[in-house]
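Each chain carries a letter (A, B, C, D, E and F) given by its place in the written order, and its residues are counted from 1.
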Amino acid sequence: MKTLGQMALFLALEEEEKVPELMAEVEGRGYRALRGKVGSMNMEKVVAAVETAAKRQGLVTGGYREEHALYHAVLEALNGVCRGQLALGDVLRTVGLTFSVVRGPRFPDEKSDGAWLAVVLYGTIGAPIKGFEHEVIGLGLNHL
Amino acid sequence: MKTLGQMALFLALEEEEKVPELMAEVEGRGYRALRGKVGSMNMEKVVAAVETAAKRQGLVTGGYREEHALYHAVLEALNGVCRGQLALGDVLRTVGLTFSVVRGPRFPDEKSDGAWLAVVLYGTIGAPIKGFEHEVIGLGLNHL
Amino acid sequence: MKTLGQMALFLALEEEEKVPELMAEVEGRGYRALRGKVGSMNMEKVVAAVETAAKRQGLVTGGYREEHALYHAVLEALNGVCRGQLALGDVLRTVGLTFSVVRGPRFPDEKSDGAWLAVVLYGTIGAPIKGFEHEVIGLGLNHL
Amino acid sequence: MKTLGQMALFLALEEEEKVPELMAEVEGRGYRALRGKVGSMNMEKVVAAVETAAKRQGLVTGGYREEHALYHAVLEALNGVCRGQLALGDVLRTVGLTFSVVRGPRFPDEKSDGAWLAVVLYGTIGAPIKGFEHEVIGLGLNHL
Amino acid sequence: MKTLGQMALFLALEEEEKVPELMAEVEGRGYRALRGKVGSMNMEKVVAAVETAAKRQGLVTGGYREEHALYHAVLEALNGVCRGQLALGDVLRTVGLTFSVVRGPRFPDEKSDGAWLAVVLYGTIGAPIKGFEHEVIGLGLNHL
Amino acid sequence: MKTLGQMALFLALEEEEKVPELMAEVEGRGYRALRGKVGSMNMEKVVAAVETAAKRQGLVTGGYREEHALYHAVLEALNGVCRGQLALGDVLRTVGLTFSVVRGPRFPDEKSDGAWLAVVLYGTIGAPIKGFEHEVIGLGLNHL
């Protein structure tokens, strides 16, 4: 994991039991990070789940500037999930996602780069029928 | 790596030296896979690079059916890269991407699932100035 | 009617009384076909109506592979109907559509082409006021 | 204010107390105009608010032709507000907008240009939290 | 053919030899119509081909109002052809299209409806390899 | 002019002779601002013109963080100009634009709000024929 994006990607992709080790590595390099889960046919619930987790765990401050940065990172990640049209239930599909948020410079050794946010959404999208789904991923990055 | 998508994601994300080992694991489970690189401001060159690699290495047959499946998987992956509008040079940005293509069932143990294709594009997008760029990823899946 | 797409287009476009004759011709060439109707401000109901009809009448099997192919064909057809943004009630418009689904090769004489699906949505879009509407059409094709 | 678009833009942008003077100037040149307000997380309410105001104040006739022209002008203005995806509540955001509609030729001195409509939406977009918002604007023009 | 849209659709869909008869029927009802062909990887050439044909054959006057109406009808039809992103060569695909333009009321018996334009684009889209293509259709309607 | 967005909007909208006075007012409140012009069928030239002006006049530093903020503000403004699809020459249209960039807090009295960027693009879009064009506007805001 040599970059901000990779940290967020591996945190969302790896299995549950590897998360503590990954998290320790990420935080050891001076990054802040979290991992969570959300499943819904309502896209706004996906946005809300990531925003709430990031605020509660202190990855963004309570002000509007950082909320604005986070919001756009989440929307960009949703583009990878939706691939063409930001819509879930409106086009009769649902998602089951693991998400990660990581805060820090784009590269561990470039502190002068300032703070950036990476948001990853990884999981499945499909019809509201068990097993009728396939994998999707989205990554959004923004400066803080 | 428990799924088709994860195989493609890790193949594109991991460092060069881990690729042979990953490839062996993927092929050991009965999957076909490849990894390549492309950088361009012309989006059609990204499409062409993935299609050419997949045909040359036999991941898709020479016919139209499989080309159609692959093409749409590439476009879906490009949505994750472009996040909102499929355009590179037209909006003054360029990409440097590692791509992977994997062919097989969605899950290693479900042979009855038939063949699917996963395409991952991972790398950087940004202005045509060195270092003015950040990470992006896209994943497209399609049935063959 | 020399192609898969034309069969689906004429089936959706022609008047009710010509449908049995068209259907006979289409089926006589080895194709499977259906025609139905749906009207709604909820786009997911359009998707559901086409999927339900196709499953009930056996144009697609009950598995995910064919459902995936059908789903994307429906979404592509919706792009022709919505022309720019997949949204109905959210932008205060409603549709009244006749739809058709046809299954078979792209051309009647090319059995080696395998099975494809064509979905046509044809009818009107407009404000929720009688007569405040105009015609729209959408065609989606996908390999099975 | 030398053009149709500028009349609509200044009418929406200027403070309340300047509106009567602006309106007098616009109407003095033979244009019809209105200004209103709407706030919502439901995009269809924004569309409905502009359409209702334009019909009530006689800027469009009650028929479908002019309603069609107005509808597309509103959608085009919404593209400026939404910047990429026509969605409000679905992506957890809300708007507070002042809108204007102006009817007349593109330029005051070119009566031969016939009637056009300009729709402006100006205000704020943001999270459903007070102050967590920034300005947006959209302008849609269409021939009548 | 009971509507403006159907006239344009059948004119574009039917075989060459049926065109004179269709054209006679359409013109007999007081409509103006044309049919043409265009093939290209450059989307602007598709737009230009339809606009040039419509102007030359007098379906639109030389002024901007009618050009504006036609232009938007062509763009709407292109949405049906492109299904999600208005791009051809940029995503490595090419089209071979028959197009039609019809001018008149939405219904033959409603002269009070005024003039509308219907534009149909029908043909194939695909890779720049012979036979690697499938059918597409797009319909755009606009008031004049 | 009570807000960052209004400063950018009036700077782009007002006539040439009023610009020095507006600029003085804007700078008197502690904001940095510029106004420029660009006309092209190539969208990347619009992006480049705004970026070059902002860098030359010191509204953004030479680093990537601020360039990233500016780039997204320009793309958001282009959405208002293009209204649905970021494309100019590809869909046979050209723009003639006055642009403005303003740097400062969202409101003059809230210094704690930190620095934001507002980009406005205002002018005409249309066919490459003189007079075949109408007004458009776009506003993009981003935190620095």
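In the analysis below, contacts are C-beta pairs under 8 Å (C-beta built on N, C-alpha and C of every residue); 3 or more make two chains touch, one makes a residue touch a chain.
Quick caveat: nothing in here was measured; it's all calculated off a predicted structure.
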item: Partner chains that subunit A and subunit F have in common; value: B, C, D, E
item: Homomeric contact subunit A-subunit C: same or different residue positions, threshold half; value: different
item: Angle (degrees, nearest 5) of the CA superposition of subunit C onto subunit E; value: 180
item: Taking each chain's C-alpha mean as its centre, the one farthest from subunit A; value: E
item: Rounded Å distance between subunit B and subunit E, as computed from the means of their C-alpha atoms; value: 36
item: Distance from the mean Cα position of subunit F to that of subunit D, given in whole angstrom; value: 20
item: Between subunit E and subunit A, distance of the C-alpha-averaged centres to the nearest whole Å; value: 44
item: Residues within subunit C bordering two or more other chains; value: 64, 68, 84-85, 87, 90, 134
item: Topology of the chain contact graph, where touching chains are joined (line, ring, star, complete, other); value: complete
item: Residue numbers on subunit E that touch subunit A, as the complex places them; value: 84-85
item: Residues of subunit E that touch subunit B when the two form their complex; value: 85, 87, 89-93, 126-127, 129, 131-134
item: List of subunit F residues in touch with subunit B within their complex; value: 42-44, 47-48, 51, 64, 67-68, 71, 75, 78, 85-87, 90
item: Touching residues (chain side subunit F, partner subunit D) in the complex; value: 2-6, 9-10, 13, 15, 76, 79-80, 82-84, 106, 116, 118, 134-141
item: Interface residues, subunit E side, partner subunit D - complex; value: 64-65, 68-69, 72, 113-114, 142-143
